[in-house]
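Consider the two complexes below, in which subunit A is the common component and subunit B and subunit C are the respective partners.
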Partner chain A sequence: MELFLQTLVDGLLIGGLIIVIGVGFSLCFGVMHIIDFAVGEWVMLGAYTAFWMVRYLGRDPFLYLPVIFFLYLAIGYLIYPLIHRAVSGRRHNPALMGLVFTFGLASLIKGGALTAWGFHVRSVTTWLSGESLALGVAVVPALRFAGFAFGVLATVAFMLFLKWSKIGVAIRAMAQDRVMAELLGVDTNRVSALVYAMYTGLTGMAGVLIGALFSIHAGMGLKYTTFAFFVVVLAGMGYVPGVIPAAFLLGLLQSFVTVYVSGRYTLLAVFFVLYLTLLVRPRGLLGRGW
Partner chain B sequence: MREDCLSRLNWGRGLFLILLVVSLLSLTVSPTTGAAPARDFFKVGVVTSLSGELAFGGNVTKRGYDMWADTVNQLGGIEIAGKRYRVQLIYADDQSTPATAAVAGERLITQEQVDFILGPYASGTTLALAPITEKYKVPHITGSAESPLIWQRKFKYTFGTIPPVSINAQAPIQTLAQDVSPKPQTIAILGIDDPFSKFAAEAFRTAAQKFGIKVVRYEIVPEGSDYTPAVSAAKAQNPDIFAIGSHEKAAIEMIKAAKELKFNPKAFVQHYGMTTPDFRKGLGKDAEYVFGASVWTANLNYKATILFTTPKEYAEKFKAKFGTEPDYTEAASTAAGIAFQEALRQIKATPPLDQAEKDALVAALEKLNIMTFYGPVKFATSGDYYHSNAGLQPIALQYQGGKLVEVGPGKLALAKPRYPTPPWDRR
Partner chain C sequence: MAVPLFVSSFWLRIATEVLMWAGLAQSWNIIGGYTGYLSFGHGAFFGIGAYTTAILMVHAGWPFWPTLPVGAVLSVLCAATIGIPTLRLRGAYFAIATWAFGEAVRQVATVLEITGGAFGMQLPPFLNLPFFYEAILIATILTYLLAYLLLERSMFGYKLRAIRENEIAAETAGVDTVVTKIEAFALSAIPAAIFGGLYAYLITYIHPDSVLGPAITDLMVVMVLFGGVGTLWGPLVGATAIQLVNRLLWFLRGESTLYLVYAGVAICLVVLFMPDGLMGLVERRRVLFRPRENLKALLRQFKL
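== the complex of A and B ==
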């Protein structure tokens, strides 16, 4: 029973981390129809930024979360015009062009990080590292709980922003019908740049949490790119609220298969569910994607 | 839209594309049997992981190989029949994937026409490279790979300077079974699913069974997964020993997970990874008390004559060059170069090597029995560990006061093993 509860907690917390990465990715896909292959690279850059800031400025990496958010917000805003150029104009398959462009971007970032920062495996320590809370018989690692809370809060804040703010309305309008939104006076270019910037900012911030939990190295991104893809398929492509149940399902699946079946079958189980979803519910678990 | 796309691709462009493909194809089937152009230095191919998941380990081997080549070249080169021949290392990145290792090896052999090859960091990539060196009959020594799978395949052209993990990883378990009291009764083992780590985990299990420690959980998980559930499952068994079969990165992440879950076994055991500086830096004081295994440390008192006279001298020169202490993989990589150097000297072969000389080099390696700063290098010529180094004895290590010290087994100890490990908040 104790192990069962612990497995449940572990699974939910893994899900919480996946939410953090999935939300921005899903939004980026939903609004701009851009599959950003570099999502894991933003995680890696965020983690490295935290590492270097701690190295040179000291103090707790969590203090730098807002700085990292705005830094990657700015970087995303500056990069978006390039992506826009790649996917617009007289291209025959914009989605594919976006994929190719961001794939190239991912390779560049990864290679650049390896060259600039070397091959060492880095770690950052926060005041929450290694701490934990007791929840009945289960142990809840504090840092993972922070990640979980961050993921859920960020998603809720995002939802509220989309629902109530003017830009949020524009974003939703754009997601529904880009041409119509343009006709009604939405500056789709600016809105897209803003969405992309928010996505890179959020993902960069997630990198700090992930870097503190695991380890930081140039090749760490790919794993998170895979997770992001998975969760977006499960959630329903472009349906942001679907990310929450999808991420929890993914986390619980990993956790329970590892403990009660065998660690060897974790990825098998995960991909089996992915294929099954694509076959049976191609629009996602809740059937709300497209 | 699609027809439009096709019609745009006019004939001129089509022709250009066809020519491009043909010229690329002709590049890949360049001649392999032709004699290499004359040169007065040895071309040494190195295939290792310079990017990807194993980039850290790949660079560990690179430092070891560079240490050898630079030291040899400082002396003017390898002395063969009165003349000195310099060595030139030509690196090819295997990107941490076996398929790329095979392609990289093939390129070094067919295009760079290297004389011999120093092998990759990981066992998985080595297992992909070995059939290539076998196919082209090029001598290959790995200064790092430890999986017994390599030696069971009995590759004629592949050698290794580190004894197989199935022997090495037993040292810390033996130490815990014989040199501490009260003797630990139970062990939980967690391994990563790759040729090296899986065998490290298996060696922990074999040793535990041999020394009467009960295995309460044995689990293999895929690389890169979230290790928390697996660590939770091990914790639920409340074992005395928690053993991790992995490379450095997974070891760091699993120990972080153990701390977060307040999992406090009486001993943590790891094999490769805990000897690297990144492990200590990444975990800080949480690295304290972790047990591990090695086949070499700078404190051993070997007396040698080739390039370096003692382990201590090697360690000092290494530190002066790279700024970090060498671990056994770096030493073994340097020793791989020394093995080639001595075998070449014995057969008096000068660059470039022709096929007869390459075969003679393999024969000389099989007979080699030398004493180096790394210890004896003598390759087995029969049995399950065919062509792996049979001359070394594994040592159990433990982090004590931020330093790695030799704690066993038995008489090899320079300090007493610290056991049991105190709770996380009292380290």
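== the complex of A and C ==
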């Protein structure tokens, strides 16, 4: 029973962190209809950036969270025009060209990281590492709780931004009807660039937390790309609020399979549920997908 | 076309690889190029073919040839399993599902006992390069013949292209789009599995990274893109060019993970500047390759 509760709490805490990745990814799809195959690679890059900053500048990785956010915001903003070019223009099937482009981008980032940093597994320590927190019946590492808290805070802040800011309104309008939004004076190109930039920024930041919680290596992106796909498919593609239950479900699935079956089967379980969802409820568990 | 006697085994090996990649690229082209549905897990069919041959030969003591059709049938079954739910949906779902399938197959091969886990399998060695050259040559010719007859010269090919250009219009015109797409996907899995089986016997030692690694799908995609998406000869041109460059780099730099970078850069550049590939340049049907204007257009987009 104790193990069960511990697993439950662990799963929920991880789920809270995964929400951040899912929200940006889902919004990106909702607004631009692009699936970013590089999503896990942004997580990996965020984690590595934190690692190198700590190595060369010292101090705590959490201190660099805002820096990393703005760094990846800028990178995403600079990459978006390339994606825009890939999906627009005189070629048959523009949406697929966008997919191919992000697929190439993922391969490029992953290959670059493997070449530059090799297959070593690295880790960062934070002031919370080694601390633990009694949470009712379960004892959790403080770091996990920090990841959860970060996830919830970042998601709430992002949701508030979408709800109340002028750009947020424009983003939501675009997700509903791109042409109409453009007719009403939304600069769709700039808004798309901002959405992509915020998505890469948020994902890079999530990478820092993930890197602090688990290990950092160049091949880690695969797992988080899988997680992001899982979350958006279960949520319904492009339906942002659905991400929250889907992410918690993923966290629970992962932690229960790891504890009760074996860590080797986690990804397989994730793929299996993903396939079942596509088979039974392709528009997401809530049926609100695109 | 017998084995050219005057060439060294070095060039024979390279010719064998080029031919194999030409066939693999064509197999991706059937679903990705002609139908316009991107399969980002196509390497899985190659791996399934390779592992089927290895398992049947090592654990069941089969001779080589009968293992190839078994691998092909297994791949077709897998393709149908993936295709039936996802080909009803938008292309994005299909891309996600195939990608997940590719990764899942690699996980399975790493976990199972029968595949030797991460250590892989040793096949009975049969080091006869001319034999493999001829076998792969025949398989490639058959693949291209199949593609020519089915995709360029039959109703099936027109249906696929109709789906690629405008799926709703195709449906309205009476094409059963779901069935046609599933057929195309299943068809595209067959050559990949056969080449997988041949390749496993050729290299005699396989492990999850060598026959199920992400680079295999990457290379298929980049070869087709570079040669020309949805054309008959594009994959051959692309595979020849990319594989020769790949080998050259291998000589200069040794085996490294750098090929992922090259493949990624090549994919991105082709998508941005040369979406019709080399065949598009030759045929001059669509956008010409104009570096300066393309670059200007790109820079204009940065003024957001």
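Keep this in mind: the second predicted complex is superposed on the first by the 271 of 290 C-alpha atoms of A that agree within 3 Å, B and C clash if a C-alpha of one lies under 4 Å from a C-alpha of the other, contacts with A are read in each partner's own complex, and residues count from 1 in each chain.
Heads up, the rule we're going with is that contacts are C-beta pairs under 8 Å (C-beta built on N, C-alpha and C of every residue); 3 or more make two chains touch, one makes a residue touch a chain.
All values reported here derive from a predicted model rather than from experimental measurement.
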Following the superposition defined at the top, how do subunit B and subunit C come out on subunit A, clash or fit? clash
Could you look at A:123 and tell me whether it touches subunit B, subunit C, both or neither (first, second, both, neither)? first
Does subunit B (first) or subunit C (second) touch A:139, or do both, or does neither? first
Which partner chains sit in contact with A:150 here, subunit B, subunit C, both or neither? Use first/second/both/neither. neither
Looking at A:264, would you say it contacts subunit B, subunit C, both, or neither? Reply first, second, both or neither. both
Once the structures are superposed on A, label A:255 by its partner contacts, choosing first (subunit B), second (subunit C), both or neither. first
If we overlay the two complexes on their shared chain A, which of subunit B and subunit C does A:13 touch? Say first, second, both or neither. first
First (subunit B), second (subunit C), both or neither touched by A:69: neither
Return first, second, both or neither, reflecting whether A:114 touches subunit B, subunit C, both chains, or no partner chain. both
Can A:48 be said to touch subunit B (first), subunit C (second), both, or neither? neither
In the combined picture, which part of subunit C sits where subunit B already is, 151-159, 205-213, 241-249 or 295-303? 205-213
Can you pull the subunit A residues that subunit B and subunit C both touch? 92, 110-111, 114, 264, 267
Touching subunit A in the complex, subunit C uses residues 36-38, 40, 82, 85-86, 88-93, 95-97, 99-101, 103-104, 107-108, 110-111, 164-165, 214, 218, 221-222, 225, 230, 256-268, 271-272, 275-276, 286-287, 297-298, 301-302, 304
In the complex formed with subunit B, which residues of subunit A make contact? 2-3, 6-7, 10-11, 13-14, 17, 92, 110-111, 114, 118-123, 125, 129-132, 139, 141-144, 213-215, 217-219, 223, 254-256, 258-259, 262-264, 266-267
So in the complex, which bits of subunit B are touching subunit A? 1-2, 4-5, 50-53, 55-56, 58-59, 96, 190, 193, 219-222, 224-226, 228-230, 232-233, 235-236, 248-249, 252-253, 256-257, 259-262, 278, 281-284, 286, 424
Note: in the complex, subunit A contacts subunit C through residues 29, 33, 35, 37, 77-78, 80-82, 84-86, 89-93, 95-97, 99-101, 103-112, 114-115, 189-190, 193, 222, 225-226, 229, 233, 237, 264-265, 267-268, 271-272, 274-275, 278-279, 282, 290
